[in-house]
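Naming follows writing order (A, B, C and D), and every chain is counted from residue 1.
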Amino acid sequence: MTRLLPSLHSTLSPLVLAAAIGLGGLAKADDGLPHPGFEITAGNTALLVTDPQNDFLHPDGVAWGVVGKNVIENGTVEHIEELFATAQQTGMPVFVSPHYYYPHDHGWKFEGTLEKLMHTIGMFDRKGALDTAEFEGSGADWLARYKPYINDGHTVVTSPHKVFGPETNDLVLQMRKQGIDKVIIAGMSANLCTESHMRELQEQGFEVMVVSDATAAAQLPGLDGYAAAMVNFRMIASDVADTETVTAAMLAAVN
Amino acid sequence: MTRLLPSLHSTLSPLVLAAAIGLGGLAKADDGLPHPGFEITAGNTALLVTDPQNDFLHPDGVAWGVVGKNVIENGTVEHIEELFATAQQTGMPVFVSPHYYYPHDHGWKFEGTLEKLMHTIGMFDRKGALDTAEFEGSGADWLARYKPYINDGHTVVTSPHKVFGPETNDLVLQMRKQGIDKVIIAGMSANLCTESHMRELQEQGFEVMVVSDATAAAQLPGLDGYAAAMVNFRMIASDVADTETVTAAMLAAVN
Amino acid sequence: MTRLLPSLHSTLSPLVLAAAIGLGGLAKADDGLPHPGFEITAGNTALLVTDPQNDFLHPDGVAWGVVGKNVIENGTVEHIEELFATAQQTGMPVFVSPHYYYPHDHGWKFEGTLEKLMHTIGMFDRKGALDTAEFEGSGADWLARYKPYINDGHTVVTSPHKVFGPETNDLVLQMRKQGIDKVIIAGMSANLCTESHMRELQEQGFEVMVVSDATAAAQLPGLDGYAAAMVNFRMIASDVADTETVTAAMLAAVN
Amino acid sequence: MTRLLPSLHSTLSPLVLAAAIGLGGLAKADDGLPHPGFEITAGNTALLVTDPQNDFLHPDGVAWGVVGKNVIENGTVEHIEELFATAQQTGMPVFVSPHYYYPHDHGWKFEGTLEKLMHTIGMFDRKGALDTAEFEGSGADWLARYKPYINDGHTVVTSPHKVFGPETNDLVLQMRKQGIDKVIIAGMSANLCTESHMRELQEQGFEVMVVSDATAAAQLPGLDGYAAAMVNFRMIASDVADTETVTAAMLAAVN
């Protein structure tokens, strides 16, 4: 066959790939991949938090049994709060994409595995879009400690996503209507809603990065959702960093 | 908080989750998740193959250095051909979503990690959408052994996807215009284009399953793309099975 | 140039186009266009009603001043109810796509003409997605006479669309999850939300038709939104018919 | 009902609506609607041309019989060239979204009226995505006079759209990857592809305006596509202006 880059091909190995990238920036990891990096610029960079809700983050939440250990290990609850607080302090626009299910969603004629599981355990259930009875403090409600940030009058809460990504809500429009081009992603759960939001925002032409310890995932026998997400965040996003690094960069961007 | 399913919550552990599912079908894996399953029905089920191109599947392809070992281990090349052959034999509609980059794509002002890598190594490069010079046998061309199937006059080849998913091409429309509701997904690479197609098709309301050994992924130090994809296929799709199981089901569906 | 259909070209005139279509069905209109037609089939055909809300359909609604005359002329209010009633009688799935604006939507940095107008007159305003205070009977609420149908426990009310089309809500997913492939469209307003829903559903591979007298539009000096919509419905949808014809076909489809 | 803006409602008439807008800018038309306006800013504003192809714009094109008269009246061919030339002169990024049909598109199981017509008359037909035989000078090819602009090495030609809008191609991604937020739209045909592009780009959060005399539409007995488009451009886009006004603004924006 005609090789497009014969000079490259014969030496194509992970380490050489890194060399091929050359100016890809100081390697953070010896994994052979480039490091595009992500520069926080005031005005067009936003913080996005997916599913900061009780069913994932509260010990009484219906999914705590499968995500709780990872949430505690990562310090996810505290790290998400640090991001909310730093965004508020620096005036960075914040968007929250919640996950709600209504009675009619339980009538779907087919479901993927986790969709089926969420419906079976009543995850994120609400009585209806116009019925807030018994919502307060339910599994679908925000984790209480986040309410002062989400209800600050500035944060944009989108319509609920219905599978895992923002294809079914108004997140892309809301961010574009605010002039947002770059997105820092955190929230639950790492390999499902968080990753699907990352993938879709990138398909829609946003520049994205993920906060590695402000998320967590279900870990089941032979299925480590968090490990899977970390591989895909590294390969797909422009950058991945921890909360300490990201909050420091958020502060630096406005000083 | 008000627990939505108090009776469930106190017992929420992986094993009990499986019990909670009850009729979720005979458990294939002891991972605590339900098994929605996927029934092949003639007429509205299609085979989708992503990126069956030289740069991934031919030893001279620019990505072979990072995916070749996994392609050989999985028997990916042979399994994709078995799926093409069985679809042709059973009259199952086949859709192919290719990955091409044109000169103007190299002018993108920002890229994610793998986007940057693909552009750096000239992966899937073509001279232009209307210029087929030097395309034959290039890294962007089909693996030669698949050409008799893809060029059979029935297979629908969509426009190229540009990041990883079908959001940027006509796959969803082409499938709907043929009455397709269910999709069997195979092709390259497992955790990037194959998984992004799975996720997007599910967001668009298709019922999907993935063929576990008719795909493969990049494996780099500390980054096993195939392992990550297997976790997400299991958690997100309606079913995951190997080529032998899927081809047998395809044949059974028409007899 | 090389003409693709030289035999056709030299005679390409509206009347000859009709002839060229040949089996396009008995012409309903002498406009030279084919008539694909739309067959209602039980199980995969749904009724979609856009914006059946007070601000459009109630004399006290904020838009009544510009749409009221057309609403009365078309008998829109009564015809939408006939469609709701017939769908309920025949068991046809019904989907409603509402239009709501929250306080944060008023912070958009740019708007199109009607977006700007809607925000200026407070059209479809709500206090928040989780705040239903003062919603009852407001301009954003359903027209009272439709509530028994919309609240019947079967009708699927999607998340709100935010511009004119369903790109920003879960309509496509909800329809696909119910096995819907064909959609009968009615509601407000003809050339804005109704037409944008028609266009988007067709891009997503649904077969669509519009009910000509179960919709209406703003009519301003030199700007007849209804006339514009009728031209585009005829050119784009598979069929256009009045409520009497559509309800008869709905009844016939289940007998 | 509880009126949202009682003080406005009782006086809601087109003229009062204009007053209600207040700072909406000096009214260009006495139609009672606001005038958001569209400011061309170098760097993030692009020119988009839809379907600048022979089948619409060349007297031998298969659709000339129905659009030719309007194309000549509007001076569409010359105005589109003036926009291409001014964009090249001012360094404004240019995107072209073509319309192509391949053999497999003729196998669609259902079509809307104009989709059916286009397929019947062989409009935009090509032998295949990878087969350019007989493409040169065909109805699907660019109008010859535009080739120097489209083939200048800078213009981004997207994948083909398949119905009327960019939902089925990579236009949104290509524009975002170039940092484009604002779009000046021209091309064919006014109420179909041009309008569907306008509507979809607005749903995706772009700020859009349309060039009124750099487009044209099919005009059939009782169906004036151009008149319909003008109504919707005025109601939906942020601004509508003629080529002379737009090219002057393009020049002013870089001086």
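General remarks:
Definition applied: contacts are C-beta pairs under 8 Å (C-beta built on N, C-alpha and C of every residue); 3 or more make two chains touch, one makes a residue touch a chain.
Worth saying up front: this structure is predicted, and the values here are computed from it rather than measured.
Judged by contacting C-beta pairs, the busier of the interfaces B-C and A-B is A-B.
With centres taken as mean Cα positions, subunit B sits 23 Å from subunit A.
Note on chain placement: the centre of subunit B and the centre of subunit C lie 35 Å apart, centres being C-alpha means. Residue numbers of subunit B whose C-beta contacts span two or more other chains: 110, 163, 167-168, 172-173, 177, 179, 203-204.
Viewed as a network of touching protein chains, the structure reduces to a complete graph with every chain in contact with every other. Residues 172-173, 175-177, 179, 181, 203-206 of subunit C touch subunit B in their complex.
The residues of subunit B lying in touch with subunit D in their complex are 103-105, 107-110, 129-132, 135, 153, 155-157, 159-160, 162-163, 167-170, 172-174, 177-179.
On the subunit B side of its complex with subunit A, the touching residues are 1-5, 8-9, 12-14, 16-17, 20-21, 24, 29-36, 54-55, 58, 60, 62-66, 110-114, 116-117, 120-123, 125, 134, 136-141, 163-165, 167-168, 191-192, 195-196, 199-200, 202-204, 207-208, 218, 220-225, 227-229, 231-232, 234-238.
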